[in-house]
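Look at the two complexes coming up: chain A is in both, with chain B in one and chain C in the other.
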Partner chain A sequence: MRFPKKKRYLPETADMFRYAPRDDIAPWLATAGKAAFDRFAAVGLPSSRLERWKFSNIATILKKYSADPLVYDAVSSDPHVRQGQADAQEAWVRELVDALPPNHEKYGDMALWDLNTASIQDVMVVDIPEDMIVKDPIRLDFAGKDGAFLPARLIIRLGARAQLAVIEHHEGQGAYWRNHVTRIVLGEGARLDHYRIQNDSPAALHLQMTAIDLAARAAYHGFTLTEGASFARHQAEAVLQGAQAHVAFNGINLLKDRQHSDTTLEAEHRAPSCTSSQLLRSVVDDQARGVFQGKVYVDRVAQKTDGYQLSNALLLSEGAEMDTKPELEIYADDVKCSHGATTGQLDSEPLFYLRSRGLSEQEARHLLIEAFVGEVVDQLADESVKTLVTERLARWLKR
Partner chain B sequence: MIRIENLHVEIDGKEILKGLDLTLEPGKVHAIMGPNGSGKSTLSYVLAGHESYTVTAGSVSYEGKNLLDMEPEERAALGVFLAFQYPVEIPGVQMSNFLRTAVNAVRRLRDEQELDALAFLKLAREKMKALGVQEDMLKRPVNVGASGGEKKRNEVLQMAMLEPRFAVLDETDSGLDIDALKIVAEGVNQLRNPERTFLVITHYQRLLDYIRPDIVHVLAQGRIVKTGGPELAQQLEAEGYAAFTGEQAA
Partner chain C sequence: MSISEDTIRQVETIGSKYSAGFVTDIESDKAPKGLNEDIIRFISAKKSEPEWLLEWRLKAFSHWLDMPEPDWAKLDFPPLDYQDYYYYAAPKTQDRPKSLDEVDPKLLETYEKLGIPLREQEILAGVAVDAVFDSVSVATTFRKTLEESGVIFCPISEAVQKHPDLIRKYMGSVVPFHDNKHACLNSAVFTDGSFVYVPEGVRCPMELSTYFRINELNTGQFERTLIVADKGAYVSYLEGCTAPMRDENQLHAAVVELIALDDAEIKYSTVQNWYPGDENGKGGIYNFVTKRGICAGRRSKISWTQVETGSAITWKYPSCILKGDESIGEFYSVAITNNYQQADTGTKMTHIGRNTKSRIISKGIAAGHSDSTYRGQVKIMPKAEGARNFTQCDSLLIGDLCGAHTVPYIESRNPKAQLEHEATTSKIAEDQLFYCRQRGLSQEEAVALIVNGFCREVLQKLPMEFAVEAQKLVGISLEGSVG
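Coming up: the complex of A and B.
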């Protein structure tokens, strides 16, 4: 008996796309885009046979979005990278736009990254020189409108000992597809606080890949609030290249209706004495589904690694679902790594205790849900983000 | 006036209260004493409305209303308060937030004006001072990391803030050393008044040396088997519960 061969990629999905750069686009970008498109077209989109796409079937979702066959191309809209546009012409920017992230060979699931490179119209660059400490956070708004394909590329580089906070704010109206890439390079001793507020439209498809390189003693503090989009996936990978670097991926999922939110994280330790932590709190209601795939990879040279992963999910209804897959891959012998995952409902005893003091069942539930995500909220270093998240949570609970 | 008649209660299919009759008079302190497993805690949970306990027969009338028909929060609004034997730890919920929400929920249901942050703090500080509760407790998560004595004092503080008309104290003495016991008992005594009925549930007579009861009931095998004055407590302390459980004294 023959079984049909299960494919890890779906080359036929490449037909949905066309490489159509503008005439006045910078030649280097046209070249990089074409190469990326060819790589993409050879494989197509990942199927759920690919391990890191196990819980998120993008091809099925796209069918729902596309009228047959919908073709996406580089939309001719400003701003875009033209000849002579100074910032984006810098050699290092060109290099970063062209290159794949350091660990692409290991996983090979760079289809969406390539697709992003192939469709770049605009490179947003934030470059902070050595020793510069930026006090106020930079807020970047990424809008979305019905019918759009949004391949934004954000590049953040911090020189040695520089400090910065960036807030990525994703919002929009109607059904659109965001295929976003954020590339971050941190110099020695630099610190970046990277906040993502994902409040995309309820009909939107939100895909983001974030790749971070850290030099020695650099620190990356990432936070994501996932509240929007009907289908969302954030794949973030940090490569700790220098000793004593630190990575924290924190997140809160607030999911309802039939939302799907996939958080796929990896901390790759390639130097000794680095620390990484992943902490995700998910509140899942209705028929929504949350996914957490967290990985800590420890190279043989990365002794004294401290890696930590924890996913806690609160299911508020019978139809709600959470899939968690924590993973450790360790080649060094002197490391401390732990991972854990819990999925459950609100405890009945605290609920009763609160109600016996006069709180309505709803008030009691809200208080306990706030407490559940509170640990992540409390860790937010930026007060404006903390206020924003607290307000969004209150609104979500009262919906 | 609280009237409990022929109360049968089970949990996980096992009958614990087997036809309990009890009448509590307004403004009085009633004590219920009984051996382990007699149904003391079951009675307190049923009065507060815990959903794990199933009432299979009987009634509880509270100020002319059917208490058993009400949600826990409705009972609280009508003035029922249970001081838990094991106060629940709630990580992440700040005591001040919890207490203010509770006070205002109850005030709202009683058609009283809600307290703003300032008025709440003033009231809380006043009550905490009287009970010797550390002020930083308001900033801490509810009961988390608190000692047995702190938790029980916290229960009495909540009672003082919510001003119930019917307070049930479930083994408030358990886990307390003598100094903590005195403080907690003093807190309770400050709240005694002609409009407030207390039901003090305990295994030992010790607590009743500090909270003097008006009436003492003996609970054994799911029923009230004897009712008397304060002297009954002393008699039990001297003779044990054997006479009521049908077992031989050790």
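Coming up: the complex of A and C.
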């Protein structure tokens, strides 16, 4: 046939995985895991024919690893975190683990989510009761070691008016594969500041999906620094279910060598008077490739929505690539939605200005790159994260 | 009083204001319904085509049979029954008329009713028109004047006979027959269209124009336009289209190819006003068009301007391949949808040469229950050093039952390229409306004025003759969408 049916999934990749739950796994999780594994095994990993995977071709990435075909057993080495009184046996936790995220039907590309459900041994739960304001941020460290497949399921629930900050650190050594799912449910007026510092090993695969539900007046402030991993996919989708909720996705990508980093975001407005913003600054050097797919979806009922997206990318060398797809899908008329995207190199005029003031070419470039990502750094609410990001940036520039 | 309340009421009471919706009662020659190799042979024989062209058509047809339909656009319509269309219909006349005096008066009357008075235009110097009625070209005006300057402007079927070398060289060179399912179908069954060749160094002395009219019931129109501007040539080309009001969905699958050599410039303007269907979404034209130009030479320029107000479904992405160094591509678009219309339109700018520039200005206006999508791609290839793109797409929503979507793909593979993209979606500002109303304009006049202002950047790019028509069309298309 001249036109073979385009494959939306890579069925052969399903053979890389084996369903092997530990003996001591909770029975309900074993049932959920088995069902999810069957769903995953029927299709395999997503191919670039799926719209949301258009720019990120898992098949070519896996070729790099296929010299020594690995079969991954599900082994979780992650710490079991508990805060408040939640227990993984509780019904609400089970429900969240069982269900796919609210808008999964729209894309039909949740194979990695299913693979996660099939491979977790337990669930990390952070549950903050109503009105509790947690002063110190919770720090979660995710380690990685060579040859491991690392799934983790994190559930964060904030009761009405609760406040919390979570700082995730992702680091490790060797070639490993992370497949994280984070499910966040924010009650009325709750606020979560969620920071991710992704500095995985240069040989690692970092895949993670975050789904957030926001009740009225809830606020989610997400920030991701992507610096590590040979292939990184940061997918986050927020559903604004109650009026006046607010979501902000901010991010900085510092990419070098042959790194591939994909940031796929969606703010789905399902209630009136909500606001959302997406701000991404990417610095792409060497042969690296950055991808930004941002979407604002506004339902008919979501009048008075204010949606904003901005992606700016700096390409520092020949061979670097940036693919941007800022998308608006709007069904309500009384809205203010806009997006902007720029791609280019450092401006020659400010470079010249700095050089004429006695800075070396390198100093001038570094200063301009610092200023470029500075706008995102300035918006960070947590001082310790701000200092950390500034340090990491300085180190990245000096490499 | 808010607009949305009015809209709901108005959408319910809207009457069809499509003025081009009449049917011309004229006898016609039709091939039997349906699509198969015999029909293609029949069309080819009717046009006395050379062997190679028939081969090409059949090759396209065999590809078409296997090819999947494009499904990525944000359009919702039932699957097409390709066997339910007539692929060839021509007004019954003996031979091709040599002058307008021999053209059937009924046809002349049709074009006059549409505001395209072929006869008068011959006298009042201005625009040279090629009129295509269903499957064939019925008249081309100003041929003599054009011939004197060396410009070839004739129906494509005639060009196949008279200028086979040019046709063989360029047809299918920009849009290959296997480009997509709709282009494939067109390549197999295209019946007529216009051919333009502007020789080296010639500035075409007048605007060229083709007017397409679908008249017959259940007929598809598959025209093909090929414009070649040789070195240093300039041509401005206009295209208009209408169809009668019918309850069935009619199919229009066209292909347009533009080729600009060194220092040449082609300006292509479209005012698309196919029948959009009635206020309940019944009937209307399915408009699947593949338009692409190549700036093959250095410093060449292709500029697309389109005003899309008609069609039940619009699937159309006029594109530019910027191959020559320092070549320029432009896309200016206004797409207005009302009632149950759906439009998925945009452009593709592929930067291959150094210092190539492109500019995209798109204005989408959605009213009623309609959906309007801008889908565009800007692609910078690794060698396109110094490439520059600016994109702006704005959408305006009138009423809360319609949708406006923006789907841009921006891919840059050269660090010395500079790309800027911005998009906004909003509604008509209350204070602007209030200001206009306060100065004595009715709500409807005020909306038409504001929308015209919103589209001004694009409408200004149209040649004068079209700009006035387009402005009126903007008002008519939105009639009844606001109180």
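In this section, the second predicted complex is superposed on the first by the 383 of 399 C-alpha atoms of A that agree within 3 Å, B and C clash if a C-alpha of one lies under 4 Å from a C-alpha of the other, contacts with A are read in each partner's own complex, and residues count from 1 in each chain.
Just so it is clear, contacts are C-beta pairs under 8 Å (C-beta built on N, C-alpha and C of every residue); 3 or more make two chains touch, one makes a residue touch a chain.
Just so it is clear, the structure is predicted and the values come from calculations on it, not from any experiment.
Visitor: Just from the overlay, do chain B and chain C fit on chain A, or is there a clash?
Guide: Overlaying the two structures gives chain B and chain C room side by side.
Visitor: Looking at A:330, would you say it contacts chain B, chain C, both, or neither? Reply first, second, both or neither.
Guide: In the superposed model, A:330 contacts chain C only, not chain B.
Visitor: Is A:318 contacted by the first partner chain B, the second partner chain C, both or neither?
Guide: Once the two structures are laid over each other on A, A:318 reaches chain C alone.
Visitor: Applying the touch criterion given at the start, work out whether A:355 contacts chain B, chain C, both or neither, answering first, second, both or neither.
Guide: First partner only, chain B.
Visitor: In the overlaid three-chain picture, which partner chain does A:375 touch, first (chain B) or second (chain C), both, or neither?
Guide: First partner only.
Visitor: Is A:398 in contact with chain B, with chain C, with both, or with neither (first, second, both, neither)?
Guide: Neither partner.
Visitor: Looking at A:341 after the superposition, I want to know if it touches chain B, chain C, both of them or none. Which is it: first, second, both, neither?
Guide: second
Visitor: Contacts for A:135 in the overlay, against chain B (first) and chain C (second): which applies, first, second, both or neither?
Guide: After superposition on chain A, A:135 lies in contact with neither partner.
Visitor: Looking at chain A, does chain C or chain B touch more of its residues?
Guide: C
Visitor: How many Å separate the nearest C-alpha atoms of chain B and chain C in the overlaid structures?
Guide: Distance of closest C-alpha approach: 14 Å.
Visitor: Taking the touch rule as given, give the residues of chain A at its contact with chain C in the complex, in rising order.
Guide: 1-3, 5-6, 51, 300, 303, 313, 315-345
Visitor: Within the complex, which stretch of chain C touches chain A?
Guide: Touch list, chain C to chain A: 3-4, 63, 66-68, 72, 382, 395, 397-427.
Visitor: How about chain B: which of its residues touch chain A in the complex?
Guide: The contact residues of chain B facing chain A are 48-52, 71-73, 75-77, 81-82, 84, 87-88, 90-93, 97-98, 101-103, 105-106, 109, 141, 158, 162.
Visitor: Report the residues of chain A in contact with chain B in the complex, numbered from low to high.
Guide: Interface residues on the chain A side: 348-350, 352-361, 363, 367-368, 370-372, 374-375.
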